[in-house]
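The chains carry the letters A, B, C and D, assigned in the order they are written, with residues numbered from 1 in each.
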Amino acid sequence: MTQMTMVKALNSGLNNAMEKDDSIILLGEDVGTDGGVFRVTDGLLAKYGRERVVDTPLAELGIVGFGIGMSMAGLKAIPEIQFQDFIYTAMDQIINQMAKLRYRTNGDYTLPMVLRTPYGGGVHGGPYHSQSGEAYFTHTQGLTVVTPSNPYDAKGLLLSSIELNDPVIFLEPKRLYYAGKMDVPDDYYKVDLRKANVIREGDDLTIITYGPAVPLVKSTVEKNNVNAQIIDLRTLSPFDLETIMAGVKKTGKVLIVHEAPKMFGVGAELSATISERAIDYLAAPILRVTGLDIPIPFALEDYYVPNEKRIMAAIEKLLKY
Amino acid sequence: MTQMTMVKALNSGLNNAMEKDDSIILLGEDVGTDGGVFRVTDGLLAKYGRERVVDTPLAELGIVGFGIGMSMAGLKAIPEIQFQDFIYTAMDQIINQMAKLRYRTNGDYTLPMVLRTPYGGGVHGGPYHSQSGEAYFTHTQGLTVVTPSNPYDAKGLLLSSIELNDPVIFLEPKRLYYAGKMDVPDDYYKVDLRKANVIREGDDLTIITYGPAVPLVKSTVEKNNVNAQIIDLRTLSPFDLETIMAGVKKTGKVLIVHEAPKMFGVGAELSATISERAIDYLAAPILRVTGLDIPIPFALEDYYVPNEKRIMAAIEKLLKY
Amino acid sequence: MIEETDISKEGLLTAYKNIVMERLFDKKMLNASRQGFLPFYIPLMGHEAIHIGLGMAIRDEDFFYPYYRDFGVLLQMGIPIDTILSQVFATATDNEIGRDMPDHFSLKKYNIGAVITPVAGHLTSATGIAYAKKYRKQKGSVITTFGDGATSTPDFHVAMNFAGVYNLPMVFFVENNQFAISVPTYPSTDKAFSNTYEETRGAIYKKAEAYGFTGIRIDGTNFLEVYRATRQALESAENQPILIEAMTYRMGPHSTADDPNKYRTTTVIEGGDKDPLVVNQKMLKDMKILTDKDISSINAEMDETTSQLIDKYEKAPKPDKSTMMGNLYEDEPWYISEERGDIQ
Amino acid sequence: MIEETDISKEGLLTAYKNIVMERLFDKKMLNASRQGFLPFYIPLMGHEAIHIGLGMAIRDEDFFYPYYRDFGVLLQMGIPIDTILSQVFATATDNEIGRDMPDHFSLKKYNIGAVITPVAGHLTSATGIAYAKKYRKQKGSVITTFGDGATSTPDFHVAMNFAGVYNLPMVFFVENNQFAISVPTYPSTDKAFSNTYEETRGAIYKKAEAYGFTGIRIDGTNFLEVYRATRQALESAENQPILIEAMTYRMGPHSTADDPNKYRTTTVIEGGDKDPLVVNQKMLKDMKILTDKDISSINAEMDETTSQLIDKYEKAPKPDKSTMMGNLYEDEPWYISEERGDIQ
């Protein structure tokens, strides 16, 4: 056990995996000599060499496509996109090749690879260093979309993703990269990708959240003594229906919190799935507290993201309903 | 008035607009000499010349980016993407430049342009000629996403889109391109982009649908004598909340039908929005009948898309509830 | 004039037979498509010499990542014809159980990549496969084919650049048939083209220089030239990537969905001087490998064989709808299991 | 050695003043950033001669689509310093009301495009603007700047190809500072780089040939060379596009977020032989435009001016949160109006 930030935990996970399996290749812009702009790959070049920690030209399309080819050929590629905001030139590779390869070839080719990228706000980077684009990936059939909310989960979910025999989009909340330390095993361990984490039990309502919003939800609930169950999804797609439905049926009131914009976002599917299956259990409307439906303004990012006030307003509305 | 297919109506709309306004430029692969692979731009090169009907190299990124530049410079670009399935190499331009330009410059630059593309099944084109990717666009703040369901609307909505001073994703259901003719004015006319179309009144439930699924929903309801209200959205984002809520409050039961896959799709937002605002009016869960959550298999496309049986099963479930 | 060759007479005859077979398949499949037995088909006419030359050149240790117009390469590589035709006719026995379009092969066990529809969408994957070969210190190279139109795509640039930067064992092989769909590759003086823009202003083979390696242009209507240049490239690629531009002409429509008369006057016609079938027949006759008698007997044999095969596959059972939900993920999500109930 | 010039003595002195001003702003803003007054900043050191040369070359009839490292070009173009600094400090008076990052200018009324963060994301837009110019038969050309790293992007290839195919009035101007962030542009023998891959194997200026037009390489540390080459290119581009590769060296970090010592040993240092400030000072002295006395008085003047300006903008009011929902659409959707209530 070592006290680790999320960055350190991810670094430790990559190190454990690379030690065990020489088919793992990291690649991306500045992941090698520089150790990654957020330092997630720090020290790995020195340990594993430039064949396994590959600095790439400035082309996200190539980073993803190159990784796909490696994994088609039996390696296990872990490409990094420096900021999720820059992933879109690779969307064709992600949607048309990565996500569909197993299906369209009926498993002739499988594609074990983990595409890592930091997402969300926290560095005041304006419209292009703060996006939360998870809905683009969750809507893409064939992808597994994972996002941790603390250092322990980050490492464990990353190692599970690396073991998965399917492509994973691994979204790292950059807001939490250095947000605090936690005891994390130095050795290899896994966290189940298909299980949401009930991080707090409670009776009055169920709050479903994930990634960067989790600590905010937790502190808001604690600070205001709300008797709320909190579910940290961990995997956004396919999400853990069972845990969600158990929570909903128990409390009858649901709040969804995420940093990404609301319209046509991840919360919409959670809400639709729940109300489709358990409308008679619902004692109140399902509410969403999310990022605003605008690009992230540089000077005013702090007003863009959900905050305690907005969450408490929704909770109070639900409790009173 | 002329009896027109949807293709002819679109062609007529483009012609009317180009006649009126010499700042309009069409561009795309095979839109010129060939007249478009579905013939939407047929005859326009001969009439308006190669400066205004521009055959492009094979690069969707360029088609969109080039169009953006034209519109930044005061022209009005109408790029065509041959199949929506091929739009993803242009996603960076769409999400990061086209959708955000007005917002991030606070209106220093505005971007009147209409990006046309055929989508959905109907030609048995397998995983890459049949996609319904509308959710990628509706989730992108700053875009207006429009899709017609008949020749009259196709022309009128296209002309309204061309007049809009903001970027539009204009999704043409290729399934309906040649699905039937209808009386369409030869002259210029518009259909309101912000108004959904109640194409049928009814009391027992409200069916919300759009684009390629509309004729199927209509025929199913008629054939089975269902007393259903049918709303054709026309614009998916921003959608017409008022018409939807009026319908929901009247019937208390809602079915959403679309051809795109379900998970994290357009129907999810409709469902979430409705249940958030009108849960006490709902007499049954909101159901969705959609395309399956897999890529579109070449040999089995017909089993992929919603059909009468699946729609009727959902209607019966709602009516009995 | 080619006088001697490094290939046995038998090898040359097989190659010729495959050219004939490809041509006959092509005509019959176009027919099948017109009659509705085949919903879609990608014509090959004009590409036969390229295909057969490539099929001869590719070695067991190489990896081949084809595009959608490469049916004939597989023929010559010796892939069982049943494997090929199950794919084209999307039958239940297809390796992909009919999930992808005709000519979108995926044959991992033969070191063949999964053909993808989006033009050039496989090029970066091909370079990744080459990286894996280099990393594993495996022998052989990766060869990937694509059209002239594909050189305008983002993927072409990115894949070429990665190949140069990592010095990968890559052969980029352009089947230049002078057209994308309706858009010509180069500026043309032909009146029929005067209203179209061209795909590129630079000659394709020269584009390799931008990435620090060599490009060559070859005659794509002569299968021996294709074979020799490609085999040599596969060998030299282990030291440095290379681009080959093979010149030919798309004699038919782009696919069964278009009418070339709308946008061009066809300049290479069947049976004409530049038809690869004619070119190679003449060459093999001049080389004394082939007699007029051989030509007609091969034709008769191949006519019979291809007819029987097409007949068989037209009637072969299609995949059952119960197969359609499988293999999206290794571990099936709950909603996929639920949706199985929706298939009716 | 430059002996005579087409620019007045006054013009040369203004240019020199702007080089000094740029350098001083750069140092002070880096400082402001370290002290927390500026959340982010993109250093300019090494780019001054390019910037000032560009600013001199661009004419009223041209359109300039910059990238994020072009602060100095705007200075020399004569854009009011208040306009520039409101943007950099994201104040309430910024033309973009603080919505985009520092150095992401958008100044339509000066024919300047909206700087975008994704590298090369503006290149295809720039070609579209050039198309509009050509279509409208307007005088002038479009010039767009970008870094060496940007030449690896999809957008570079696609924009260059479109420019060639439509023969657009385009000047592609590469500010080659030899690094992307940590990745060097070319293979290097410097030990510090031995563990990194390079962005490209081909020389950048030669890449233009792949698109059928000309590329040239110039010394980016000499503002007169930059001015002359660029002005000439802006004129010739009305007949054919052109690529200019201006060689310099990024003397500072990539941005305020990185530490260059992690990945290189800096080879061009402040005050050294190759520092553009030194290069141009010497040149103007040799030309008898500048005396040592001028140098110190200009320095003092610019020091005073820049300090005052920075002081003013550090304290200038920031945009109010009530502004943040506007101008997403011309006609505001219902959910945007609703969300106004959520801003607290």
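Keep this in mind: a contact is a pair of C-beta atoms (placed from the backbone, for glycine too) under 8 Å apart; a residue touches a chain by one contact, two chains touch by 3 or more.
Computed from a predicted structure; not experimentally measured.
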Number of hops, chain A to chain B, where each hop joins two touching chains: 1
Farthest-lying chain, centroid of Cα atoms versus that of chain A: C
Gap in Å, rounded to a whole number, between the CA centres of chain D and chain C: 45
Centre distance in Å when chain A and chain C are each reduced to the mean of their C-alpha atoms: 40
Distance from chain C to chain B - Cα centre to Cα centre, in angstrom: 35
Chain A, residues touching no fewer than two other chains: 54, 56-57, 59, 61-62, 85-86, 88-89, 92, 96, 103-104, 126-128, 141-142, 237, 263, 293-295
Overlap residues in chain C, where contacts from two or more other chains coincide: 97, 99-100, 104, 116-118, 152, 154-155, 158, 161, 165-166, 197, 199-200, 328, 335
Chain A contact footprint on chain D (complex, rising order): 39-40, 90, 97-101, 104, 116-119, 149-150, 152-155, 180-183, 193, 195-197, 199-200, 257-258, 262-263, 318-319, 321, 323-325, 328, 335-336, 339, 342-344
Parts of chain D lying in touch with chain C, wherever the complex brings them together: 152, 154-158, 161, 164-166, 197-202, 206-207, 209-213
In the complex with chain C, residue positions of chain A that touch it: 25, 51, 54, 56-57, 59, 61-62, 64-75, 77, 89, 92-93, 96-97, 101-110, 141-142, 144, 164-166, 194, 237-238, 241
Contacting residues of chain C [partner chain A, same complex]: 63, 95-97, 99-100, 104, 106-108, 113-114, 116-118, 121-133, 135, 154-155, 158-159, 161-162, 165-166, 326-331, 333-335
Of chain A, residues touching chain B in the complex: 61, 85-86, 88-89, 91-92, 94-96, 99-100, 103-104, 126-128, 133, 135-136, 138-139, 141-142, 237, 261, 263-269, 271-273, 275-277, 279, 282, 284-288, 293-295
